[in-house]
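Have a look at these structures, which come just after this line.
Shared between the two complexes below is chain A, which has chain B as its partner in the first and chain C in the second.
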Partner chain A sequence: MKQPLGLRLLAYSVAILVSIFFLYPYWWMLLGAFRPTEAVLTNPLQLWPESLDFSAFESIARVSGVPIWRYIVNSIFITAASTVIGVAITALGAYALTRRPDLLAFKMLRSGFLLTMMYPYMLLVIPVYIVIFKLGLLGTYTGIILFLALGPVQFFLFEQFFRSIPGEIIEAAIVDGASEAQVFLMVVMPVSMPVVATVTIITFLLNWAQWFPVLVISRSPDTYTLPVALLNMTGELGVNFQGIMAIAIITTVPATIVFLIAQRRVMQGMADGSVKG
Partner chain B sequence: MSQTAVPTSASKVWVFYAFALPFAVLTIVFGLWPIVLSLIVSLTDSATALRPEPRYVGLENYRDVFGDPIFLRSLVSTVIYTVAAVVLNLSFALFYALLLNSTLIGPGRTFLKVAMFLPVVTPDIAGYAVWRWLFDSSFGAINAGLSLLHLPPFGGIASPDTVMIAVLVAELWHHAGFYILIFLANLAICDRALEEAAAIDGANRWQRKFFIVLPQLRPALLINGIYALIQFLKTFTVVVVMTKGGPNGSTNFVSYYAYNLFDQGRYGEATAMASILFFIVAAVALVAYRIGDRGSAR
Partner chain C sequence: MGSVQLRDVHKSYGAVPVLKGIDLDITDGEFVALVGASGCGKSTLLRMIAGLETITSGEISINGKVVNDVAPKERDIAMVFQNYALYPNMTVAENMVFSLRLKKAPMEERKAAVAKAAAVLNLGDLLDRYPRELSGGQRQRVAMGRAIVRDPQVFLFDEPLSNLDAKLRVHMRSEIKELHQRLGTTMIYVTHDQIEAMTMADRIVVMNGGVVEQAGAPLDIYDRPKNIYVAGFIGSPSMNIFEATVVGVGPETRLSIGNGVTLPLPPGCELQAETIVKCGIRPEHMVPATDGVPARVIVTEPTGSETQFTLRMGDQTVVCLVHERLSAVPGSEIAVTVDARHIHVFDQHTGLARS
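What follows is the complex of A and B.
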């Protein structure tokens, strides 16, 4: 179908306006961090920095008495560990649940998991604080990492994929004398690599952004991640606008890079993992 | 392997229990146990809630919560905000997904899709921190832009009259991409042939969208509707970063209020509020699901 030029121009103008709405905050954040505060106050709309000012990054060398590198290391460590552990545990669990959907215990486990995921997350954290307290894990990395490990999108993606594997492949391996562990590691896992990659990337992005459980389970800023440090900074006395924008950049850039590299996979996975729920 | 499980000998069942064990442990320890605990704590006196032998007070916390004018006001503003946010997000997402999917947009579609989805994967704290300052009266670009166009200044998060709008805009920025994505996924499996047939029969562009495409989008509308309702009923992060419930308690939504009580050690009332919100969320999700389900059976 050939489309009239006027209509096409209108469509593109609207799309560009909407994209500016989505992207302008990133540009403004960059400018805010690298332009001197006085310059931002005089002209908040400036589209290009008059001079580059790196003082913001010196001013955030320590936040709440803890060096910034510690937040960066915490973010990387907590996100990586919770992602690896979460993907492994969810893959094994979803696999068992799809192989033996007939077991009563598994039916109950699946319903229990779904119920948990329906419970308002923010409010689950309150009783989780009490549980973590009872387990003696308050203020520990272990508590934070284990809490972040499970998520609904991850589970649904694995479940959907494992259901799509033809039963004959598994049957053939069992006839050939493979044990269930061998079937999982040498038959199922190799064909599951694409979905494992998708789930890993999505879990990384979701966990990188997490802040509330980290704040609640922590006892001191020593276990804070970047988003929590950023939040803490907005509450501190005296407004360090440039510094806030600088931490916002450090928090945003890793997620942006991962997303840009894997955008097709991330969007496809997020759609698939949500439609199933 | 579909629904018919591959036959395994009975002795092998333990292998699957072993596979599922870590998943079960995490689900129970960080999911089911806290939910049960939350219900139990909501029946206890706050001061004794964390002690080994808490004092049980029955439904007193629930009575206190429903007798608390701040909570009732909080509940009303949560509902108003949720309705506004659901309508705004879904109508905007539907409109933009139709635009991106239309034959009018050709080159650059990938860029447009990446642009709309980037805010979804941007840590919400960072996004809202930037929006908080965009709305600022002295630093912000928004008021500077308005004065450039000789328009009256926007109160943003400083005024009780405009704070909801500011929060709505920031949340639209963060969440809309997800709803657009779900609509796009649905549009991708819509039957283009139907639209073309209608075009041949003389239906114009808007008639085709309304009578041919929209009915096919029922699954996406249902999913997005339920997700958005749940999402906005528990609005929290944006309040923590941008408004702290203010000004004058106008954005003191239920989950934020509950968290404040929790922070003050009022565990009993906080968990009672959590349970109330959970029942509202579950009921709303169920009703929305029923309505959608009945519609598709017709």
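What follows is the complex of A and C.
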């Protein structure tokens, strides 16, 4: 149904206004990377650079004594590994819980996951530190990756989706002679590709932006990721706006690209989970 | 060979009993319909035979081998579900061959099995399609094809036609029956639709509240219901059942249904005067005649081949099914006769047949 012109105009104006509201800081960040810090400080609201100044990208070649490529590689490696492991493990866990909710402690586990969603993230610092320390994984990639791999949001997305798969399909496969593993790999997983895609993208975006657990678990800047490097900029160089903005660009651009490519999938998956569940 | 024996099978969910001691012998090649209202435990029983539900107590054997603790895939059964349960990620051919793929059967065997099932069910043109591209009837045929490919000892059907529209259901009914005649494999068929059970099965098992009320050939059950539940459940429109008082003695004994109207007692049925019983008459056994029990027409429902009359007879409202075209209009008085042999008498308290 077509809405009256006036109403549509109003809707578009509101949408554009809100978009500007959200896009402006991003634009400001882009500008900041190419404007000298002094210029940013004297004329912060300018919408166009006086001249393109690439010096920032030289100044951030090393942060905290570690070359910038190291952060980039760390970010890619840690995010990719934790995403792959996370999707595999949460899918298996959610499937087990959907299939056999009667098993001992499964309900408790589920509530536990819910609790972790409500628990303030900052308060995790002590338990995370202690657990990783006891596991002997402090300062290792393994420690960081394992911690980032598990997420309650991913778990619930999988669980919601698995619940929407008719039980008869699984039973038909069992009668056909499939083992539980075969049911999972040959029937449930292929059917669940939309949610796998959604969870993969969400996990990637979440983990790409993580800095807090990385900071807690790391012992030296060698295992820092880009967001941690960004954090370190403030302390070390005072207010090197230009440098901060340059790292911010390196950090946000990949995530933005991933999101732009995949956003339809993410929205769809989120909606599927909530409606069908 | 595919015989199934159930011995004193019980099932409870927690403290709630669902099946209360089921005994049943299904011989090889038989087509048995489990029929009953929702919640009578018929689907649970089928799922227990399939191995999808555990057995609380009792014994289920297939071919003389107790299968209580045998995994579904070891039972050599195939199941067709109400909502088809096709694998959405596989084509029709892949769906049908899935069990053989799991068995790692050789390629030639897989191809031959699919070709055979496709020929039986007329699925040749659909083999490369996905389930979402099929109509309901086609999906159900694929589900049956998947079962045929396995060449099982026993086919289990769990209300396979409930999701289809009325016309297609009638068509699929005869298709399944033909399939049974062609394959000669044992089939156990769960349905809540007694017409389906009557038309398809060699034997009907009427279940109610977790027990078997009666098991027997369809017409046997129709003609000689063992109790009032079976009498009311089997038959459409269902049997007229009303209260009656026995009056008179000896050969003069009759059933009074109020307002001075009496009916004869069925032969071989002896009852004490003043006994209150339940009396049952099938609608088609009430025959309009020139003289007989007077009745007033309340509603007429012509369907073309037959007309259903709702009548007021004595103190009772009854339904009468007539194949001739009667010109009776609502409000008019007619007379009906009932052959004594077609009157069923049930005990008022136990509901058991007395005739």
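The rule we apply is simple: the second predicted complex is superposed on the first by the 245 of 277 C-alpha atoms of A that agree within 3 Å, B and C clash if a C-alpha of one lies under 4 Å from a C-alpha of the other, contacts with A are read in each partner's own complex, and residues count from 1 in each chain.
Basically, contacts are C-beta pairs under 8 Å (C-beta built on N, C-alpha and C of every residue); 3 or more make two chains touch, one makes a residue touch a chain.
Bear in mind the structure is a predicted one, so any value in this text is a computation, not a measurement.
In the superposition on chain A, contact of A:Ala172 is made with chain C only, not with chain B. When the two complexes are overlaid on their common chain A, residue A:Val73 makes contact with neither chain B nor chain C. Of the two partners chain B and chain C, it is B that touches the larger number of chain A residues.
In the superposed model, A:Ile130 makes contact with chain B only, not with chain C. By the touch criterion defined above, A:Ile257 lies against neither chain B nor chain C after alignment on the C-alpha atoms of chain A. Within the superposed three-chain model, A:Pro190 lies in touch with chain C and out of touch with chain B [touch as defined at top]. In the superposition on chain A, chain A positions 166, 171, 174 are in contact with chain B in one complex as well as with chain C in the other. Residues 166, 168-169, 171-178, 182, 186-187, 190-191 of chain A touch chain C in their complex. On the side of chain C, the complex with chain A involves touching residues 50-52, 72-73, 77-79, 81-83, 85-89, 98-99, 102-103, 146, 150. Interface residues of chain A facing chain B in the complex, by the touch rule stated above, are 1, 3, 7-8, 11-12, 14-15, 18-19, 21-26, 28-29, 32, 40-41, 43-45, 89-90, 92-103, 105-106, 109, 112-113, 115-124, 126-131, 133, 135, 146-147, 149-150, 162-163, 165-167, 170-171, 174, 179-181, 184, 205, 208-209, 211-212, 226-228, 230-231, 234, 241, 244-245, 247-248, 251-252, 255-256, 258-260, 263, 266-267, 270-271, 274-275, 277.
By the touch criterion given at the top, residues 1-8, 12-13, 15-17, 19-20, 22-24, 26-35, 37-38, 41, 49-50, 96, 99-100, 102-105, 108, 110-127, 129-134, 138-141, 143-145, 148, 173, 177-178, 181-182, 184-185, 199, 219, 223, 227, 230, 233-234, 236-237, 240-241, 255, 258-259, 262, 267, 270-271, 273-274, 277-278, 281-282, 285 of chain B touch chain A in their complex.
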